[in-house]
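To start, the structure itself, in structure tokens.
Chain nomenclature is as follows: A, B, C, D and E, assigned in order of appearance, with residue numbering initiated at 1 for each chain independently.
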């Protein structure tokens, strides 16, 4: 009962969040200076041409009405039509999703598989030489901006290709090998930062757990460091790490724009950014809303995990 | 200044590097070391020599004052942005984690809204709506870094709020504000330190990313991100365009990061347990 | 009887931010296999520190300045990490002073106990919970630590320590949170099991009568040193050290309503370095000149060791 | 005379377990008790019988599932701040009731600081001395204390403002007899001087006898007997009380 | 850096000996992106012309050195200065197999002239278009218009399948059906174009390549990298230092191609505070412009100073002889003082595509010399367009942009007639004298009189100083010499590096 109530509340607030996002993105896209007509039709377009295009996409209506129509369409599952390509936005996004999803999965996987252990090791070894080295490594990870690392990688691997592709994307279902060769470098660039961030947050969380007496108790029982980490540290330190991993997921799903640009990957991020540049409103709005939806769902799961991970937080009834 | 004493050597080194950079930035902006940063003074892409200690850029401007000015811009921008982020996130996170209830829910959802915007898209929208430049960069950095930090502070605050010492304080009749300030805040300070320095690096990255996409500080002003972005392509032909700002940037973020980690450890009075 | 635990002139200091605190100032203790030894002492006298030192569990801020701890003849400090871990796992069992903290807050009791039982199954878990007098084992197994009362958590901790059948059980105030009825029940269990399995018990407590009732030997700690040790009954009945004597006098249950309790006068010492003389000297009713300048020597008589310049003779109550 | 604290037919039910195997425990059932001004009520009982839960209700930390609580004659106000300075507690787990990032001195001074005290240092030193702690402990962090020292710091903290109502939950259980005696004396002295009311929870009947005016005995979530201390120790009515006293 | 042409007007010539066939991988920075779709008549940017030129063809084409050469018309006569007769090529078919005839030509031109596309202006004052017979088309102008043939040589004037369009079976906005060497097989907006060789193309043995794959790669460094690691055979580069950046890379050739496109500075006559309403202020700014420095610094010497007649075109005026170029800075200061604008400061709005920011920064330095303070505002193209064209009257101070310079020296000057170039109306006040100068120049026939008229035009624009031409905009054509043998023009008027794509030979690696 309580659980159903919790989810109902959570879904309602997710809906509210998305509504707010939709209003904000709609407002922001209309607040951007320069309209679709000027941008896409260019300076040479006649007023009649501009009016015709405006009418075609309903841009001549009142802003509130436009928003209403858009929202109604979205609720029907119609994200609109790209004013640039004339294709349904849904189709455009579906075409670009594979790249983004693949990058996201690889990036998050790296963060989880490399970043979390790295953070644990640097925390467990804190104070020692290994800890300092880990701190430096993690520090370097967050210090090298994506565009610097990306440029470097592009540069280096364009000279010494090593069989890896720079620029361009080969779909997974077309050729797995080629796909991996085209995605591994950009994924590595993204992972670099993701791993470092995850490692640092993990370190912080784990160090917070290591001072707890139940860790001493576990040590006293003669449990191995590995056992202790697996049994006690992971779960108790999980929350912040989970939050960071969600953020990374959201960030990557929202589009790793710079990396997509650098490696010329047809992903969602650069598509939306290009759409912002050209005031292709339907695409911008849909892009942000989709990212937001994914994120809100992720967050809902994380919030649900909170109660599971820390049973103390689940209990109610305390007066405050 | 006693807190400095508790820092380990790595953190002190970080602090020293930061001090050095701040000094360099001041030397550049206040003392005018290296000359005017926007004046075209020599041939394009001249390598470092006596006249232009760090070489010249693609417009024939001396790199030395540009790098110094860039340090100033970037450090100032990100420091201000992170100060804002840290303050805002800490407040919001404390409210969400400690107060909870519908107020916390509203805070979290509000933050989610920001979170839900893809980072660069958000930054670009801000830049497009506010007009590019420092204030847009600042706003972007803040908006981009607030959500994560708020959430993490919330997670930390939530745990602290259930501890008996908070209960004790409340029994004593302490106001929530007192409890937040004296108990919850110090106990989430480590998280804030780590996330603050992380936000700083994100800030620098956003600044650079915006410059990369052409929405950053306005030319001829210089920032490390802009310098790196513009210099990137010259990696081989004129490496000094990328190398100086790149090294400085990495050094700065690295210094901040290790310092943040050190600060975090310093803020933890309890001994960490070696699992050995 | 072979010596299982030998604490030899152990000196431990905590380096706190502002100067050091000496928690152990040359503590001596011997525990033979299967023996039950009670260590009693005032709050802050170094009992927990001693207990932690046995397992090599002192926090990073602690420094072993001198002395040695040997378990099964091997110096704990000289052990490799692997050896130390094996020693903890195979030979030691701990009940910590604050039991709730020693339980992982995110794991149900049943699982935590199950880990110690190394996969003996749910029945064993419930059985152990039942043995420590927990009324509803199934519920406790399903509970998280924060859902237990203080005494329940303490019993869980005891169950976890006993379940691993250690050679030496180090129990730090294991029954402080238990009511008398349950306390007796649990102690019966612990001592019976220990006797059966040949487990030696090092019981750190402040409750001299309770310890004396159960243990074969007691050691009395004061100011980081074991000031008196001997067979339990004898120490309780005829203390040789003035502190032991004072301790015996201030039992609250001895005083009725309306009477005033007699605490040992004065404050316990806070040592920052080696005590110059006898740490108890400032509070001692029978203080002598040398007490404040010379460290009292160990006076051994039959089975009764005492650290005092003027120990009461064996058998003569103080 | 209005009682300081009055619990009337209070029950607390906890829910436990996952969504599928949800069970509930009635931690206390129909508990009624009152504490008059200047009076100490000793609450004794079996481990897990609901003493701490009762104290949480008494402190307004937990809303009862049913029944009413009145403090100073009225229900707990919505804003706790209104109760500032009117109650203090020594919670059962001293380890957790002190902020690990706050020095002992600051923790002990907190009730004063809450009331807006000026220089608290002398009072802190005095309060520490009362519980047998050297003034230098003010500079330490909780983890640098022994278990008993932490408990004493908690007590010092609770007593520093001489509040009119106090809850002691196993406040002396980790203390050696000598210190325990000192603390119990202190409580009694202060009670004589300031006339506060107290709820003294302990399983140690000896300690309770020394400070309590009346005794309430809890078992399995219920109060099985309430009696004047003198009467109780002489002629316990309930069979469980008798058993308890036997073991003393 | 200068490149010696291999032939007059050509930087490279495709090796005819190389075997035909193969796939050409090409990278360009942006895609066509018109809301009007793929209709060539509405295409108004060079990238669209370039891509569409693979599919569509024009009556005449631009050859090296801006010679007009036969295209779909094999020959033409000019019986009078206002009369053009075109003889159509035999054997030309559309990609659907239908032969092209005069009706297609006439229909296309009429559709262009009646349509909203901007190219109608450039094609000139056409009075009538008529089919003389199935193979001959006659065009009559209202008055002499010298750039007529040059204008016909650009993609918007391409011959469309008018019969199908009229029948409604082909919508040129969505379907590309032309007479050209390639057919568009596939297009994904902003990602990829795939063009395939068209069987039945009229020219024998052409196109040489089987396929041209055009990737849209916005990032300059990525295109450079792609050339290096052989994932692209041919790329259009924007960085002025690209030749230097690629200098050491084996197999890669980077040729700086001159274009007639040029940067110009807009001074808003309606600027807030009336900053540029006074012609003396505008002239002072114009005088302060150091075009040589802009060309040397911002375009690394690849661009050249220019007047309104784009440098590099036959008969273009000499920018060094412009009134503003011959005046000195004291004159500028004096003008400012006279106008009471000694402490002039203004915002220069530029978009962020390189090298525009560099040009803006040099301008800033130039103006500092006469005490004018410039704040640069760098906007994304959308915001830039909004700021410059979004409102009438426009509210910016000054803005930087570039025009395509086209293939005849007089054409671009059309945009200096705000009554015609509507987009300028927000910031530019019409000037009768200027308009007359433009018209005179456009009408001046080839011959010794034309340079004089064009020089007059340049001076008039220079004096007006509402839109101040600065320097030409270079591009760099990079390709792998081991993968492709292209034909590259030394100077482009319509920004079409694929002008001779049908000749490109793909080499076996």
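Definition applied: a contact is a pair of C-beta atoms (placed from the backbone, for glycine too) under 8 Å apart; a residue touches a chain by one contact, two chains touch by 3 or more.
Because the structure is predicted, anything quoted here is derived from the model rather than measured.
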Compute the shortest path length in steps from chain A to chain C over the network of touching chains.
1
Going by C-alpha centroids, which chain is farthest from chain E? Tell me that one.
C
Using each chain's Cα centroid, which is most distant from the centroid of chain B?
C
Take the average of all CA coordinates in chain A, do the same for chain D, and state the distance between these two points in whole angstrom.
50
Averaging only over C-alpha atoms, locate the centres of chain A and chain B and give their separation in whole Å.
20
Indicate the whole-number Å distance between the mean C-alpha point of chain D and the mean C-alpha point of chain E.
88
Where in chain A do residues touch two or more of the other chains?
32-33, 127, 151, 155, 213, 216, 219, 276, 310, 312, 315, 318
Where chain C touches two or more other chains at once, by residue number:
17, 59-61, 98, 101, 147
For chain E, jot down the residues that touch at least 2 other chains.
221, 224, 379-380, 382-383
Per the contact definition, I'd like the list of chain B residues that touch chain E in the complex.
38-40, 44-45, 58-60, 124, 127-128, 131-133, 213-215, 218-220, 232-234, 236-237
Could you pull out which chain E residues touch chain A in their complex?
27, 33-37, 44-45, 116, 118, 174, 188-192, 215, 217-219, 221-222, 224-226, 228-232, 249, 379-390, 421-423
Which positions of chain B touch chain A when the two form their complex?
8, 10, 99-100, 105, 109-110, 112-113, 115-121, 124-125, 128-129, 131, 147-148, 151-152, 155-156, 158-159, 162, 170, 190-191, 194-195, 198, 201, 204-205, 208-209, 212-213, 225, 228-229, 232-233, 235-236, 242, 246, 249-254, 257-258, 261, 264-265, 268, 270-276
Can you list the residues on chain A that touch chain C in the complex?
127, 212-214, 216-224, 231-232, 235-236, 309-312, 315
Note: in the complex, chain B contacts chain D through residues 163-165, 167-175, 178, 182-183, 186-187, 189, 267-271
